[in-house]
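What follows is subunit A paired twice: with subunit B in the first complex and subunit C in the second.
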Partner chain A sequence: METVIEILKGVHPEVDYENETGLIDKRIFDSFDVVNIVGELMDEFDIEITAEHMIPKNFNSAQAIYKLVKTLEEE
Partner chain B sequence: MPFISVDFALFVTAVLLLYYIFPKRYRWVVLLIASYVFYGLTGIENFAYILTTTVSAFLGAMLIENKGTEQKKYLEDNKNKLTKEEKKSYKAVIKKKQKLILTVCILLNFGILLYLKYIDWSIAYINLFRLTYMGRIDFIPFKNLLLPLGISFYTFQTMGYLIDIYYGKYEREHNFFRFALFVSFFPQIIQGPISRFGELAGELYKEVDFDFSRIKSGFYRIMWGLFKKLVIADRLAAYVRDAIALRETYKGLYILLAVFFYSMQIYGDFSGGIDVALGVSEMFGIKLAENFNRPFFSKSISEYWQRWHITLGTWFKDYIFYPLSLNKGIIKLGKFVREKGAVQFGKRIPIYIPMLIVWFTTGMWHGSQNRFVVWGLFNFVFIVLGTEFEPLSNKITQELKLNETGVMMKTYRVFKTFWLMSFLRIFDISADVPSAFDTFVLIFRDWGSFNIKFVYENLSLPQEDFIVAVVAIVIMFVFDLIQRRGSVRERIFKLPVIFQWVILSLLITAVSVFGYYGPGYDAASFIYGAF
Partner chain C sequence: MKTNILGYLTEAVAVLPDKNAYFDEEISYTYARMLSEVKAIGTKLIKKLNVKCRPVLIYMEKSPACLAAFWGTVASRNFYVPLDTNMPEMRIRLIVENLKPAAVITDMAHYDLARKFSNNVFIFEEMIETPVDEEIIEKRMASSIDTDPVYVLYTSGSTGVPKGVVVSHRSLIDYVEQFCNEIGITEDDVIANQAPFYFDASLIDIYCTLKARGSMGIVPLEYFSIPLKLLDFLQKYDVTTIRWVPSAMKMVSTFKGFKSIHPDKLKKVIFGAESMPTKVYNYWKANYPEAVFVQIYGPTEITGVCTYYIVDRDYGDDETIPIGGAFKNTEVFLLDEDDKLISRSDIVGEICVKGSCLALGYYNAREKSDEVFVQNPLNPYYSEKIYRTGDLAKYNERKELVFVSRKDFQIKHMGHRIELGEIETAVMALPNMKNACCLFDQDKQKIILFYETEAYDDISITEALKKRLQRYMLPNVLHKMDALPLLHNGKIDRVKLKEMM
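What follows is the complex of A and B.
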């Protein structure tokens, strides 16, 4: 989880990732941010994130992103 | 067999009868036979192409699945023997093999499509190169190949299926004949929509009871599609053609009117055809994906492309944009540029490079001429400008204390988007890129010379046709506005039966009486059918 938050802070350091649950819904992240975060995640965790994972639900909070990473790591 | 013809109406009626007479579990067989009969009637030689796609995708999916099964079994058998790293590298080997199968199938199928669509375009350039740099005048002759019906649509749909199987999105279809129906389902073969296996398969193979309300609802939709196609699109076609051809004589407002009418024509033609396809499918109890969502009410170009030809847009998004955008090479390039200090530029690389490729491909998809490529690139530029200037635009709106969500702002944005998209369509109706620019410039000349009489008398749109077209366009927009609050047909079906019949009679009368059957009438062909 710490690594995920570190990656997110690299994009938007001002966000309170522990509590924020509307990263996409509140338009804190734009499409540029999401794609760059995905790139960092794939690089860091050696996972494959594809088009079907690119839904707001998976990127609305640090927790959701962490959950996605864990699921893909186990595949 | 033309899509809009008595023959097609009789064909659909006969298939419907057989469909509902047959036991539920065999109804998909009726659809498969009907689809192949329909396809065969367009030319027996076309079977070779559709069969190649069907067989290769079926085998490809089977091999990909077999590799997946092999992996599962191996990992299970060696659960306690392999380390995490060994499992990972084994999975990578299998993935590589699956990727190879996918690549071969994609190259084969898109290779056929590219060859048929772009061989003459390529020959023209080869000839030009040989003439310019080698002085050779022995030109390679054009092939003049005919594009098999619906090849773009079924190729895209089938390759989408194969990519989804590769990503493990769903299980493959194990029955070859059921799969053949997915590829060839006749109502959507001419101009889409481009369906997804996950959505269409369930619809095609489900066992439905006969329900008259479904037939009625489908019939309403068909009639509405015919209204848009025959009353609006076909009526305006001759004016658009003549006004553009005679643009040096009839400048200014004549061309602006042609640009406006072409937007109406292409919307009526394409969305009307889609209404027919969806209406016919609905009669069989099969729900196809919607392809339009009132696109002319979009407030930006990005939004417009989410509402016009939706199934093609989502296809490009899912199968070209995201795979490229999430490609490690592009992401690394973006990171490299960011680390070199160009943070904002680097951040945009994984979005804008794939977007540029998508728009280039979208342009190529529309036709094997440079004007379509330029049209695609203009779309790209406008979307990028819209995205980059959004913060500035928001700031101006705030400074001027304009109500962002007010009617005025919304109307302004809708108006702006509509005209931008309409102006871009000049590439569609021009012979080449220079004449498209020429046409655009001529719009701004000689506005004072406009005389409606010339529209009636010299430009193939007599007064009565002009009035019918304008009234029909207003009706189309009113219906689109009503649709914002939910299905128009559902509202109609809540009315007393007598009113339902009155509306249907009016629609049938409008199509029969005001459908354009004059010179240039060509109900059989659809603009998008050629893509």
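What follows is the complex of A and C.
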């Protein structure tokens, strides 16, 4: 989880990732932020995130992103 | 010969009045509807504003209606200045101060905001109800000349004040004619627009569509976060052509989007405005082996593009795709540090441009204009202006231009052109800020800010900067320091900071 937050902070350092649940819905992340974050997640965790995973639900909070990473790591 | 950009619109209406010209997911404009709204807006402006060749701010969300506002302004022989509706108020004020617009056109949704910075606000929804007065429109249009400005686009300024690039009808017509001919945009093309209208990358979408009598669909911004929706849009509307920034194309390649949806009409892929990661290009090329891929290059000051390269060979992921050579009726050349012409390959020089594509300069900033729109140093005999881009490039063995870097502190981040100086100025404007320096990490594509103050931390400084800067200008990495390293002359030691990145 810390690594995920570290990556997110590298794009938007000002966000309270413990509590924020509207990263996409509130447009805190724009599309280019998301591409950067996903790129780093794939490198860091050696996982493949595909277009199917790219739905707002999976990226609205640090917790949701962490969950996605965990699921993909197990695959 | 065309002398006014609206000539294309009247031609399109004469030939294909009922064609769906400009659309988004909510609304579609035929050419005929576009022209009738343009004339209504033009009539209103002529009757209410007794001015010519003055700026009108357009403060609306991107939509086909926005184009009617642009061209309605042009029909009154004034010029339009599109403004990002998400721009922080403080930055808008800097622009308004520089521009002193004759009026603002906005929609009902943005009326209250628009009133904050102008007393002369027109509401789009009301303007289009104006009964058209053909006679006064015709008379006003007949008085126009092709050196009149058609638009002003604002770009980041190193001193903290955005610069407004003034472009004439002649430059825009030259651009559209050359581009459509060389790249082959036709009536059958459907272009999916990604770039904001306040950004010159959208000129191809808007104006090549108009000249070729094609169609242009506006892709909703949020689709660029959801690759399946994005590709579904291309499929649903039979999109043939895209002109996107590489960051947007990376969205598709990162997620291997074509595995899920492979839009089958796509045949022209045009990219530019920042360097294209060759890996991203190769993913697209592998999925569209038959499509034409074109890299284009050019700053706002020469009307958007001056060189192009139709990719004609394979590139390894570690090779750079050239920016190619000049469009017809434009000359692009390299000057070395002593202003001597470079013709040999592999020698780096500054890209300089001449031709009808040159902008009229920066609005209300004569001195700034004179620094970069200068007499051709190779020609002492008659008045001939060139634009010095500040971009460095070299020729490869095939005599194609290859972009190398900037010679100053301008960067390209997520397709946007940013002066690091503008960010630094905004930081230094914060109360009790002692020192600040901004760097760009090219490899990681991150803006890095070093700052010295007791008044702010990483979170509060970002919140404060949001009120002054566009969101794509916000630093991604922050380093609060007790003291910034200085050189003997008192300037910030950027080299030392770079080592700390």
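Keep this in mind: the second predicted complex is superposed on the first by the 75 of 75 C-alpha atoms of A that agree within 3 Å, B and C clash if a C-alpha of one lies under 4 Å from a C-alpha of the other, contacts with A are read in each partner's own complex, and residues count from 1 in each chain.
Going forward, contacts are C-beta pairs under 8 Å (C-beta built on N, C-alpha and C of every residue); 3 or more make two chains touch, one makes a residue touch a chain.
Computed from a predicted model, the values in this text were never measured in an experiment.
Contacts of A:29 after superposition on the shared chain: subunit C is touched, whereas subunit B is not.
Of the two partner chains, subunit B and subunit C are each touched by A:52.
Legend: residue contacts after superposition of the two complexes on their common chain; A:38 is shown touching both subunit B and subunit C. Among subunit B and subunit C, the chain that touches a larger number of residues in subunit A is C.
In the superposition on chain A, A:13 makes contact with subunit C only, while subunit B stays out of contact range. Of the residues of subunit A, those at positions 31-32, 35-36, 38-39, 42, 49-52, 54 touch subunit B in one of the two structures and subunit C in the other.
Of all residues in subunit A, only 10-14, 24, 27, 29-32, 34-36, 38-39, 42, 48-56, 59 touch subunit C in the complex they form. Listing the residues of subunit B that touch subunit A in their complex gives 88, 167, 169, 317-319, 321-323, 325-326, 328, 331-332, 334-335, 347-348, 350-351.
Residues 221-222, 224-228, 231, 247-248, 250-251, 254-257, 259-261, 414-415, 445-446, 458-459, 462-463, 471-472, 474-478 of subunit C are the ones touching subunit A in the complex.
Looking at the complex, you find that subunit A touches subunit B at residues 31-33, 35-36, 38-40, 42-43, 46, 49-52, 54.
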